[in-house]
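There are two complexes below, and they share subunit A, which is joined by subunit B in the first and by subunit C in the second.
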Partner chain A sequence: MGIFDKLSGWLLSIFGKRHVAIGIYGPPNAGKTTLANRIAMDWAGDVVGESSEVPHETRKIQKKDRIVIKQGKASLTIDLVDTPGIATKIDYHDFLEYGLDEEEAKKRAKEATEGVIEAIKWLDNLDGVILLMDSTKNPFTQVNITILGNLEARELPFIIAANKIDLNGSTPATLKSAFPKHEVVPISALNGVNMDLLYEAMVRKFGKKRK
Partner chain B sequence: MEIKVNFISQEKLNGLGEQEKLKFILEEVRKGQILVLEQGLTAEEQAKLIEMTMEKVNEKFSGIEMESYMSEKQNFWGRLLGKKRARMTIVGPADKIKTVYRDKDVIKAVIVGKR
Partner chain C sequence: MPHQCLKCGKIYEDSRYVLEGCPECGGKAFYYTKKPLGERERKKLLEKIEKEEAPIQGDNMEEILQEIKRRKEEAIREAEKLKEKVESISVREVGEYEINVGRLAEEGAIIIYKDGAYFIYLPSLFQGKK
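Right, the complex of A and B next:
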C-alpha cells in the first residue's frame, strides 16, 4: 500500500467511510467470478474476470479496486478480490470431460494448484470475506469447513452467500441451518437476485470499524 | 482385499512441530496410507496441509481427501490459545477414500481398495 492509499484510508476512516479489501472465497464453480462481475458491474460498470462451467477457471487472484457501494447515506469503498476456488484435490482427468485435450488439462491442473495456494495466502491481506457456496450442493464439505474455520480463527468479518437459488435443486434453508451462528444471504449471482440484501449486509458488516 | 487404516495417537503428533507434523501426514498419505488422527487439526493446520498438498499434486497424486469435525465447544486451552481444533481428522489419498455422505454429525466415507 502506498502512502497516499494509507493516508486516504486513514482520512476515510475518520469521516466514517471505510476502504476495505474484501475477498470472495469458496469451492471451484460456486460462482465467485460471476458474483465479482455482478458487484463490479452494479457499482463500477466493469467486469473482473471470466466465468466458466469448467472448474478452476480462475487460477490467479483478480482484483477490482475502489468499488464504492452505497446504501442510503452510508457508503463503503472496497477492493474486490476474486480468488481461485479452493480444493483438496485436483485431477487433470476431470478436465478431459469438458473437452480439453490432455496437455491443456494438465496445464490447467498445474495452474489450479498454484491458484489454491495463492487463494489461501491471500487471506492475510483481507479485511473481510464473502464465503460463497453453491446452494444446490451439500454445504458440509471439508473446503467450506476449513475456510470457515480460518475466517473464525482470524476473526475476519464474513458473510456466507448461498448462490444459485434460481436453480431447481437449490436449498438455501439447508445452508442456513448448517451455519446457524452465521449470516447467510441467499442470492443468484447470475440473475442478480437478492443483491440488495447482500449489499446491505456488506455495508453493515464490512463498514464497521474493527479494533 | 485388505485395507489398512492407521490410527495416529495424540502423543505421536504432539511430539512434532506444526511443520513436521503436516509433513509427516502428507508423506504417509502420499505413500497411500489412510490416517485417523486422534487429535484433529486446527483450521489453520488444515489450510496449511491443503497448501502443502497442492505443491505435491501431479499426474500420479491428485491430492487428499480430508474429513474433520470442528468442535463446537472449546476447551480451556483452546480458548486460551484461541484455536479451534477438529475433534478428529481423517485424511487419505483422494483416489482411495471418498466421502459419500456428510452432515453435522455423520461422515460416511468409502475406502476404495484398488491400486
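Right, the complex of A and C next:
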C-alpha cells in the first residue's frame, strides 16, 4: 500500500467520502421512482424517471450518476439505480383496469417480468441498497423477506425505508418491529418527509468502507 | 406381452422384431399391448409418430445430409424463438407444458407462464448469487 492509499484511507475513515452505487429495491408501487426522483432533485436538480399509479411503470434499470450527498463535513457520491418492482406474480389482467388494451397489457407484463430478472442481476454491481417498503401494507410478503434474506447473505449494507408515512393507514412502527435487526427510516418520498434522516443514514451506512 | 406392428397389425411375442422390423411388411413402429389395437387406432398412432419423429429418408447420402442440415436449422430457429420468451415454463393446459430449456439452463430462472400471468419463483433468480 502506497503513502497516497494510506492517506486517502485515513481521510476516508474521518470524513467517510466515498463513491458508491446504491440501488433502490422493493415491490411494485412502493414508490421507488418517486424516491429516486426526490434524491436526484434534492442533490442534483434532476429526475431519474417517470412514476405512475399503474404498477410496473419502471421496467428497465434507470440510473443517475454522481449525485453528491453532503452531511456536515462528510459527503457521499452515489450512482443511484432505480430498479423495476420485484414481484412473484405479474398478470396482464391487472393492467386492464388502468385502461390499457390487451396487447399493451401483455407487453407490459412481459417487460415487467424481464425487469424483475434484470433488477436482481444488478445486485452484483451495487455497494448498498435502499429497500423501500410501503408502510400502509403488510411487510411480511415473500418479496420483502426474499430480498432481505439475500441482502443479508451477500452482506450488502442496506437501509429499510418505510415509505408513504403521510397516508392514512400507514404503520411504520409495524415495519420497524417487523425487522428489529435492521435500520428502518420512516419517510414520505412524495412529500419529502424525513428525507434528512434518510440522507444521514445513507452517508453513515454507505460511506463506511466495506470489509 | 406381445408387440403389435402398427403398420400391418401382426402380433409378435418375440421382441427381436422390434429392432429388426416387421418381417411381413417391414414396419418399424410397434405397440406393446395386451389387447391388440384396431386398424383405426393403429393408423392414428402411426400418423402421430410420423408427424413427430419422421425418419430421415433419402436416396443417397447427400440428400440425407441435406435433410439433417434442414432439421438442425429448424431446431435452432425454434430455440431462438424460445430465447425471446421470458418464461422458462409455459402451461398450455394442465398436463401440457413447453419448457424453455435455454432459460432454465443458462439462468436457472423458474418463471411459469399460465393464462397471461407470469409466476416468478424468486429464490431461483437469487440462486448462486450469494
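Everything below uses one rule, namely that the second predicted complex is superposed on the first by the 195 of 211 C-alpha atoms of A that agree within 3 Å, B and C clash if a C-alpha of one lies under 4 Å from a C-alpha of the other, contacts with A are read in each partner's own complex, and residues count from 1 in each chain.
Following the convention adopted for this analysis, contacts are C-beta pairs under 8 Å (C-beta built on N, C-alpha and C of every residue); 3 or more make two chains touch, one makes a residue touch a chain.
Please read all numbers here as calculations on a predicted model, not as lab measurements.
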When subunit B and subunit C are modelled together on subunit A, clash or fit: clash
Contacts of A:Ala178 with subunit B and subunit C, given as first, second, both or neither: first
Contacts of A:Asp124 with subunit B and subunit C, given as first, second, both or neither: second
Touched partner set for A:Val54, first subunit B, second subunit C, both or neither: neither
Partner chain(s) touched by A:Thr141 [first = subunit B, second = subunit C, both, neither]: first
Which of subunit B and subunit C A:Asn150 touches, first, second, both or neither: both
Which of subunit B and subunit C A:Ile86 touches, first, second, both or neither: both
Partner chain(s) touched by A:Ala109 [first = subunit B, second = subunit C, both, neither]: both
Steric overlap of subunit B with subunit C in the superposed model, located at which of 4-12, 40-48 or 94-102: 40-48
Intersection of subunit A interface sets (partners subunit B, subunit C): 86-92, 106, 109, 113-114, 116-117, 120, 123, 142, 146, 150, 153
Contact set on subunit B toward subunit A in their complex: 42-44, 46-47, 50-51, 53-55, 57, 59, 62-68, 70, 82-84, 94, 99, 102-104
Residue ranges of subunit A touching subunit B (in the complex, touch as defined): 86-92, 106, 109, 113-114, 116-117, 120-121, 123, 138, 140-142, 145-150, 152-153, 178
Residues on subunit C engaged by subunit A in the complex (per definition of touch): 86-87, 107, 109, 111, 116-123, 125-126, 129-130
Contacting residues of subunit A [partner subunit C, same complex]: 86-93, 106, 109-110, 112-114, 116-117, 120, 123-124, 142-143, 146, 150, 153-154
